[in-house]
Each structure stands twice: as structure tokens, then as C-alpha cells.
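Next come two complexes, and both contain chain A; in the first it sits with chain B, in the second with chain C.
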Partner chain A sequence: MAGFMSTTYNLLFKRTSTTIFTIFVGALLCERTVDYSTQAVFDHINRGKQWKDIKHNYEK
Partner chain B sequence: MSLKFGRLSKSSILGVKTVIYSKLISGGIIGCGIAGLAVALNESVKASDLTLHPPKYPWYHRQGFFNTLDMASVRRGYQVYKQICAACHSMRFVAYRELVNNTHTEEEAKAEAAEILVTDGPDETGKMFQRPGKLSDRFPNPYPNEEAARAANNGAYPPDLSYIVLARHGGEDYVFSLLTGYTDAPAGITVDDGQYFNPYFPGGLISMAQALYNDVVVYDDGTPASASQLAKDVCNFLKWTGEPNYNERMLRVMRIIIYGSAIFLACWYGKRHAWSVLKSRKIMFREKKTVD
Partner chain C sequence: MFSVVIKGNTLAPHLKATSYAVGHKAILAAVNASHEGEEHIVSQDFKPIDAHSMRLINGQLKAVSKSVNAIGQVRYAHTDIKIPSFDAYRRESTKDPKKSSLATDADRKAFTYLMTASFAATSAVFAKSVIRGAVSTMAPSKDVLALAKIEVKLDEIPEGKNLTVKWRGKPLFIRHRSAAEIEKERAVDVSSLRHPEPDDQRVKQDKWLIVIGVCTHLGCVPIANQGDFGGYFCPCHGSHYDASGRIRKGPAPLNLEVPPYEFVGDTVVVG
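Right after this comes the complex of A and B.
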């Protein structure tokens, strides 16, 4: 654990530039993950009820 | 040499007196008591009216915390509105474009819009003209103005249905109960011409006749059109027109819970971190040596 922490610190947080970069990339990945996973859970809960589940009946 | 150390308690550092605490507590208890009495009196006044309150029905969108509206039902509800309700009720805040990718495809919504005639203009000679509806048009109003609507309905104005579910106590439960709740009037209640008895309507006498009967609509998707099915579908439709962003909002709730708890944990940790020095400090003092 200590090794992991010091590696992380040396690689990512030691310089301001890499810290900012880590924060930006982390925010992007985090947002994509949360958005995709909540959408998947939401679609699973509401399967068969949303427009995208019934639109094949009406599109030619 | 004797050293005496005194220790100050946390509350005396912060300067909070126990007396103030006890005053606050007793004040809070009395305040809550008065508020509770006011609420109880108010409730008992409400309970004296004779309106029949609608039961809670198991709507799909209410069964789970993140449930959307049942969009197949909303689509059927649009059909019920168009074929039955629209004869008297306007929906002037809903446009045909809102149907696109919610209940209808773009082609279907265009076809629905093209069925109505809209007064547009003026043209180059200054005259108003009629044209088929477009996606940007709102649902048509069956009457040109409120006076015409009243004149055609014994003086009763059929309310605009765009936000009716939000505008009535009990919401979709109330509208469903009203649509399916017509009965014969009990003994002792006189029903005049143009009035109908409905126990869910405040006062009991409503100017709208029962509109939904079994099989008055033939559904496109083959669902058996019982009166309660029609009422359910049209209530889902009215719920959707009142809250067209309902489905999106349920998804947002899920994301807000996740992001909100992350922000809460960060704030909680930050607060503990910032206060840790203050909370764990001890203040010592050395008593001044007195000359014997």
C-alpha cells in the first residue's frame, strides 16, 4: 500500500502539471463511467417501457 | 516546586453555556407542540368535507424509484385524447413536435399534425388562410375562445388538459378515479339537466358526462380497450404532457445520488481534516507561583 501510494505520488501528483492532467483525465473517465453505468441500469429497470424499446413497432 | 495544571473543557473553550442549551431545548419542545397542534387542527378541518378521495393506484412510474412512464401506454393515451377528450378539451401547451421520439416517429407525428387545419397568415393580400398543421403547431383548440366553450357546455368550461394532472389534488389517481367513477346519484341528491353524479368530483355534481366506455376506441397495438384501460392510458398521457421531462428526470436522480454522495464524502472529510487540529488540542496553563 505504501509503495503504491508513493508510486502514485511520484508519477502523478509530484508536479503541478501532472496533477492537473490527472484531475482532468480522472474527471473525464469518472463521468463516462457513471453516465454509461447509470444509463445501463436505468434501461434494465425500465426495459420494455421506453420509446427506444417500442419504436421498432412503428418504424418502417 | 509544585506545578498545577488546569484543563479547560471543550465547551468552555467554545464559550457555550449549558443554560443556553436547556433553554433552546425547552423552547424547541414548546414550539413543536404549538406547530403540531396547528397541523392537527388544520387536518381535522379538512376531514370534514365530503369529497371521496381517490385510492393510490399501482402506476408503473410509481412502482420503483427510477421508473419511467410507460411510453406504450402514453402512446395509446394520445389516441384516446385525440378521439375522445379533444372533442371538448384543449391542450394548448403541447405541440406535435413533442411527440417525436417520445411516442411517435417523426413521420407519424407529421401525419398527425397534417390532420388538423391551422389558421395562418396573413398572406400577400392580407388575408388569413387555412393550412394543414406542421410539427411546430400546438394541439388544436375545439373552441375559438372560453365563452364559446362555456356556451357549448351549459356554462361549464372544459379545462385545458396540458397540465391537468399537476393541477389537481391526487394527480393521475384523481383523474383516473374521476373518469371511471361515474355512478347513479344516491337518494336525496338532485341532479339537474346537464349534470352528472361523480363522487370523486368536489361537490359530487360534474358537467362532464361519462366519456370512457368499453371499446369506444380501437387501439393500434391491439390492446383490449376496456374503460379502465382507456382511463389508465389517457392518465399516463396527461402525466407525460404535464411533465414531459419525467423520464429524463428519473435518470438524473440516479446520477445526482452518485455524484452527490461523492461530493458529500469529500466535504465531510475536508471538514474533519480542517477541524482536527482545533478539536484535538488541549489548552494547559501553569499557575503563577505565589510568594509565601
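Right after this comes the complex of A and C.
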């Protein structure tokens, strides 16, 4: 754990520029993760009720 | 006659010695209270019996009880007292007192920076969604966007005729050109034009010319199939446009504007 933390510090947080870069990349990943996971939860709860689930019955 | 004048300051060192002493049970009780893992500051061998007593521990003077002028105090500055251990409160990496602080630099700072960066990243996501929401309130709504496009059926326009429709508050000319007109406009020498544009840059399909019907001079609406060049003629100041909507004669500086459009089957979608 200590090795992981010090590697993280040396690679990402030692310079301000890499810290800022890490923040923006982290924000992007965080947003995508939250979006996809909440969408998956919504689709799971509403399975069979949405247009994409019944589409094949009406389109050729 | 023999008189002694006793001065206070000659006795002061002797009296003062007793002031650096432990003389009260209550103070000792407080000092002896300690945490697990720490060394006792005052040896636990010491038990104050009563007031007005003197104690020797390991042959050293540790405490003297109250005497007449002395004030009972805990003696703080001793060389024989061990420095208490704070290892219970230290990080693993800093327990070795001989280790340079530079060596443990990354290990000590990483967690703090990780927390800061996580908070900043979360804030960035929230800030982005707030700004996005604020900007999207300025975007046109769906009904406005739907009205911004126009669909025209082309098979209803006979050859050689010009259809005028209203699009975004302006007249739009849709002209079904004959083969003779197409030939004529293609043959024009581009370098001789005031606003040089070849015919194939102004139309997507040779048969159909689609331009905005606003004269580039002062904004009048030109009349179709009039003028010296068989295209459009502006009645306000006499600008002549050809069948490709290019200015050929008169005061207008530019060709008629071509809007963005695309053909879908036998209709044209403008906008």
C-alpha cells in the first residue's frame, strides 16, 4: 500500500501540471462511470417497458 | 553588642531550592495518569506519604514536601526522565528517528493529495453539469428548430419556372432550370464575373437552383425571369442576375446567397 501511494504521488501529484491533468481525466472517468452505471440500473428496473425493448415487435 | 541583620536575599537560594519540588498528592496523581504505551514521567515508585516529608528515589532528590516558605511544585526539567514515546501516533514510515524526512516525503503526502484531487475531480463534474445546464437554456427549443427547416416538393415545379417560398422570414427561390439555361450558365467565363463563382459550385443538381431571394445591394426582392441575362432582375436599382443567381450588371456587389439544403427523394429540405 505504501509503495502504491508513493508511486501515485511521484507520478501524478508531484507536479502541478500532472495533478491538474489527473483531475480532468479523473473527472471524465468519474462522469462516464456514473452515467453508465445509473443508466444500467434504470434499464434493469424498467426491463421490458422501454421502446428499445419492444421495438422488434413493430419494426421489420 | 552583636546584632544580626538578616537580609532576605542571602537566604533566598536555600529557600528557593525547595520550590523545585513535589509536595502535593493532587499534582502527582495528575502526572501519573498516562496512556498505554507511554513511559511514566515520574517514577511509579514514588508514593507521597504526607505533607512535610522528603523523598529520595534511587538516591536522588526527587521531591521535597512543603516547608515554611516553599511552594510545592513538580520539577519539570530533569535529565533523568526519559522522553515519552509517541510511536502510537506516528506513521509507520516515520518511526525511525534516524531516517531523513525527504525519504518519507511521498508516503506522507500521497493521501492528502489524493483526497484533494478526488474532491477537485468531483467538483469539476458538478461545475460542468451546471455550466452545461445554464448554456442549454440559451439554445433554441425543439419547436423553433422544427420551423427553421422547410420541405418543398420539386415535382410540382414545371421546367423554366421559379417557385418562391418563405423561409426564416425571407423569400426563397427554387428554380427548375431548362437544359438550355444550364448550358448557358456553364459556358460563362468565370474570370469575367464581378463575384467569380462557377455554376457547379452554386448548385448541387444542375436542374435545381436554390437561392435566397434578397438582392445583395439593398435587400429588395428580385423578379424572376426578368432582366438582360434571363435570371433575376431587381426593380429597386436595376441589378441583373443570371440563371445561376450571379450578379452580372447593376449595383449589387455579390451573387445571390445559396442556403444550406439537401435533396431527399423528390423533395428538397432547406435549412
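In this text, the second predicted complex is superposed on the first by the 60 of 60 C-alpha atoms of A that agree within 3 Å, B and C clash if a C-alpha of one lies under 4 Å from a C-alpha of the other, contacts with A are read in each partner's own complex, and residues count from 1 in each chain.
What we mean here is this: a contact is a pair of C-beta atoms (placed from the backbone, for glycine too) under 8 Å apart; a residue touches a chain by one contact, two chains touch by 3 or more.
Since the structure is predicted, the reported quantities are computational estimates derived from the model, not experimental observations.
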If chain A is used to align the two complexes, do chain B and chain C fit next to each other or clash?
fit
Quick check on the superposed pair: does A:57 touch chain B, chain C, both, or neither? Answer first, second, both or neither.
first
Between chain B (first) and chain C (second), which does A:18 come into contact with in this model arrangement: first, second, both, or neither?
neither
Touching partner for A:41 - first (chain B), second (chain C), both, neither:
first
After the superposition on A, what does A:10 contact: first (chain B), second (chain C), both or neither?
second
Can A:27 be said to touch chain B (first), chain C (second), both, or neither?
second
Overlay on shared chain A, then closest C-alpha pair between chain B and chain C (Å):
6
Could you list which residues of chain A make contact with chain B in one structure and with chain C in the other?
34
List of chain A residues in touch with chain B within their complex
34-35, 38-39, 41-42, 45-46, 49-51, 53-55, 57-60
Quick one: which bits of chain C touch chain A in the complex? Just the residue numbers, please.
92-93, 106-107, 109-111, 113-114, 117-118, 120-122, 124-125, 128
Using the touch definition from the top, list the residues of chain A that touch chain C in their complex.
2, 5-10, 12-14, 19, 22-24, 26-27, 30-31, 34
Along chain B, where are the residues that touch chain A in the complex?
60, 64, 66-72, 75, 101-105, 107-108, 221, 247, 250-251, 254-255, 258-259
